[in-house]
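Residue numbering begins at 1 within each chain, and the chains themselves are lettered A, B, C and D in the order written.
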Amino acid sequence: MAETIGYDEVVRMLSAAVEKIRGNHRQLSKLDSATGDGDHGTAMSRAVDAVQKVIDNDPPRALKPLLNNIAWGVMGIDGGSTGPLFGSLFLGLSDGVGDNETLDCAALAAMFEAGLAKVQKQSKAQVGDKTMMDALIPAVEALRKAAEGDDTIDEALRRAAEAARQGADATAAMQAKFGRAKNLGQRTVGHVDPGAASTAYLFEGFCEGIGD
Amino acid sequence: MPMKKFINDPGDLTSELLEGFCIAFGDKIALESEKLVVRAKLKDSGKVALVTLGGAGHEPALSGFVGEGALDISVVGDIFAAPGPPKVIEALRMANRDAGVLFIVLNHAGDVMSANMAMEMAEQEGLNVKMLLTHEDIAPGADAPIEDRRGLVGCCPLYKIAGAAAEAGKSLDEVYAIAQRFNDNMATLAVALKTATHPATGEEIFQLADDEMEIGMGQHGEAGTGRSAMMTADETARIMITQLAAAVGARQGDRLMVMINGAGATTMMEMCIVLRGVKKVLDEKGIQIACAPLGEFLTVQEMAGFQMFVAKMDDELLRLWNAPCNTPALTVR
Amino acid sequence: MPMKKFINDPGDLTSELLEGFCIAFGDKIALESEKLVVRAKLKDSGKVALVTLGGAGHEPALSGFVGEGALDISVVGDIFAAPGPPKVIEALRMANRDAGVLFIVLNHAGDVMSANMAMEMAEQEGLNVKMLLTHEDIAPGADAPIEDRRGLVGCCPLYKIAGAAAEAGKSLDEVYAIAQRFNDNMATLAVALKTATHPATGEEIFQLADDEMEIGMGQHGEAGTGRSAMMTADETARIMITQLAAAVGARQGDRLMVMINGAGATTMMEMCIVLRGVKKVLDEKGIQIACAPLGEFLTVQEMAGFQMFVAKMDDELLRLWNAPCNTPALTVR
Amino acid sequence: MAETIGYDEVVRMLSAAVEKIRGNHRQLSKLDSATGDGDHGTAMSRAVDAVQKVIDNDPPRALKPLLNNIAWGVMGIDGGSTGPLFGSLFLGLSDGVGDNETLDCAALAAMFEAGLAKVQKQSKAQVGDKTMMDALIPAVEALRKAAEGDDTIDEALRRAAEAARQGADATAAMQAKFGRAKNLGQRTVGHVDPGAASTAYLFEGFCEGIGD
């Protein structure tokens, strides 16, 4: 349906992602208990609280500063790896959105590519390393493909969310190569990576926020 | 079932603990900007400043080492979670001075990412900061890549030694070189007996069977290298000190600092019994214990277990270790 | 099932722990005659000496307070068990001097009996010893007969204060009077959350349900005044400090020492959160916190809980509290 | 049968008491767990080890120094209340035996009376206060009565042991008035006092040692 989205739709996407994380933070901490230190749900809750706070309190009503404020809010959460990683994602989105106030599918994909690039400045993790990248990289690729295929934005986000979820689910079979989980080596096999799961929830939220 | 901890709203853990920390140790430290623990009496601005960052829940570390003769600023995160880059860059700005800032970071994913982002900004702003990474865990093997070796309790004596060097008026390069020499010659191995409850989530941070222990456990319950049946103090001490002495290449005639750092529920009684076991092994090898700090320096809530730390010492390092300091966690007269 | 403690033969607990204690703190203390922990550098013989006695298993107390500016000799018993009279009289003989000996005893049946028998002998031998009994537990009521009030962590700050007075060259009568003034104005209340395992028997020292806490618990698991459902840190702090402030008759404008003494498994994080709660209550009453030592001073193995201690302070007591000391458990610069 | 006993019989009495305690130390600690700090069995084990050590290593072969050495050994055990209390008992026995090397029933009773008196210098506890006194006082009274009734020593010790055991059993109904247990007040009711139980074991041992 929608060919372009603007400030209000982006806020709807973000708010839906906030809700998605809030509804699943216990499960995220549980996942982190299996492979890390059990706090990823708490960290993500704080991250999305920071997102919501920017949205609620005097938001700048322009995409770049909105995303930049969110990035600094998320970075400031004292959430271990979560702050820098997801903060970087939003910092990259803010870089990538440039001066656009309406986004078509290609602009949306470009924005997320910039987000991914910023995360990759912090982490060398690739698909297969059992991190959030296992969800983020395929999701961004799906957006790019959708843009090239001239999909609608709803459709693009749906494919991104599916790709993220598939990527997250696939981490169950992997052995962790990054983060705290790495120290568990072989014992991480059989557990979904919490950062990948939360990335999937974010994209599912983005998708649902637009779908309304 | 309520958690068996003396807490209020789990969301307020860090802010409340810092408030209480300042009541207890207000003669030594103060709180700035919510999450920065600073010295009560600021250091002469002509001397190198020391900054560190890390999660809470490990008290007295890390902030317990702020004070005369040790750290200038500790940037506190949340329970077991690194502070975000904004507070870290704020601390680096606050500490910045001509003499320079030594920024000590423990190798944990979150800490390092936060530190790296802050260092990027510090460089853009032209701050005079040198970063040093501790990574002395030998659980993945003493010659595992640095990325895999966690920073454990070794940061604590390093703060003290670098702090004494800074207090003595040494330059940033000199302080860095001394700290790095200590860093290059230290090793830690942890052992866990009983899990702890994460005070925010109420969940146990790991599971261990009633008759099991685990050597190599990280300081947030990340699993180690191997579970085994319970051993005696002497057996445990022998296994650990043998690996540690080898890791730092300690040989007959060498002098070691041996630290027994209680994780939380392990008694000082047990730590003393373990230290006695360590000495027996080192005596056999002709290696000398130059000093043996023993107590709770960096805890993991009420986990039962300890971290055994060794460092090869030389005259200068020992002099700096024995120099006066006045912090909540350690006072030397 | 093996005990989850780092020990060897349970029969060797005390001797092995003392051996390790001397390795860790050999610059401050030494061991004489198997069970006497003495200062590494003996005090000037013209000054009053301080001697105490008590069971082990409470580390760092009691022997952790031996050193410059505090105790001269700690006579160590077995785990949770007072030393017998022979060692106690040996210590009194060793400490005896013209300036006199202050002999500090905690009110526990075994300690008192041993102390009384040793005092009988000391008198027969003409030693110059004055005995002081601590009994600051208010669990049985602040005006219960002295026999019923146990000596808890209050001995630790008392050692420090009496030790500073002795170090300052005061006479036995003066040191005694100062210590007795502190003793008369102090009170402790303990709270327990989780039991501990007796390291010699392997048995739990008491039972407490998963959702219960107990205020008034003694330091060997002896039951207290009342079990209740778990409370928050603030609720616990309010109940305890209210009783304690009343027990010492603290009024607006008074200055208190407030000590939070961890029992073993209770984290410093929790103790800080409790101290913050205490301050809120005292602020309401206009009572000032003059100092707030916080940490593990007298533990009960790995029991979860703490002892809250208060003492009404005056200028002289505060000066003595802040005077330098150098012991394993407490160092003041 | 026996009208008098000498050094060898006293040693047999003591050794049998040592065995009796050794065989029951776990139960004594269990009792102390209910009303105190759970270490009474350990303390009593150490006490009887000290007794045995004096007997084994170069014993003085005269009653007074034998009992005095035992008293100092028992006092030296670092056993909380046990050392001073049971040490005092032996100290009193040593005082009470005087220069006797053979004891008739009256001398035996007098010796134990002196033992009781020495314990009473340390403790004001009476029958009914739920302590070792609940066993010790009736046992000594039984010895005195037996001496007055001209009983044999076997008979006297049997009565003493019975009286001690009855006294110990009776403590279950009492509320503790002395020692650590006092703090538990009402909660001590229903549990036998460990010190009373060990006193009963001692007298049962004395009796069996002679009975052989």
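In the analysis below, a contact is a pair of C-beta atoms (placed from the backbone, for glycine too) under 8 Å apart; a residue touches a chain by one contact, two chains touch by 3 or more.
What you see is a predicted model, and the numbers here were worked out from it, not measured in a lab.
Asks: Identify the chains adjacent to both chain B and chain C in the sense defined at the top.
Replies: none
Asks: With chain centres defined as C-alpha means, what is the inter-centre distance between chain C and chain D in Å?
Replies: 33
Asks: So how far apart, in whole Å, are chain A and chain D when each is placed at the average of its C-alpha atoms?
Replies: Once rounded, the distance between the two centres reads 76 Å.
Asks: Quick one: report the Å distance separating chain A from chain C, using the average Cα coordinate of each chain.
Replies: Spacing between the chain centres: roughly 54 Å.
Asks: For chain C, give me the residues that contact two or more of the other chains.
Replies: Residue numbers touching two or more other chains: none in chain C.
Asks: Which chain A residues reach two or more other chains?
Replies: Residues of chain A touching two or more partner chains: there are none.
Asks: Which of line, ring, star, complete or other matches the graph of chains that touch?
Replies: line
Asks: Residue numbers of chain B touching chain C in their complex, please.
Replies: 1-8, 13, 16-21, 23-25, 56-57, 59-60, 64, 193-194, 199, 210-211, 213, 229-230, 232-234, 236, 260, 264-277, 279, 289, 292-296, 299, 301-302, 304, 306, 324, 326, 331-333
Asks: Using the touch definition up top, name the residues of chain A that touch chain B in the complex.
Replies: 29-30, 33, 36-39, 41-43, 46, 72, 74-85, 87-88, 122-123, 178-184, 187
Asks: Where on chain B does chain A make contact in their complex?
Replies: 14, 35, 55, 76-87, 108-110, 113-114, 116-117, 139-140, 148, 150, 198, 200-201, 203-206, 218, 220-224
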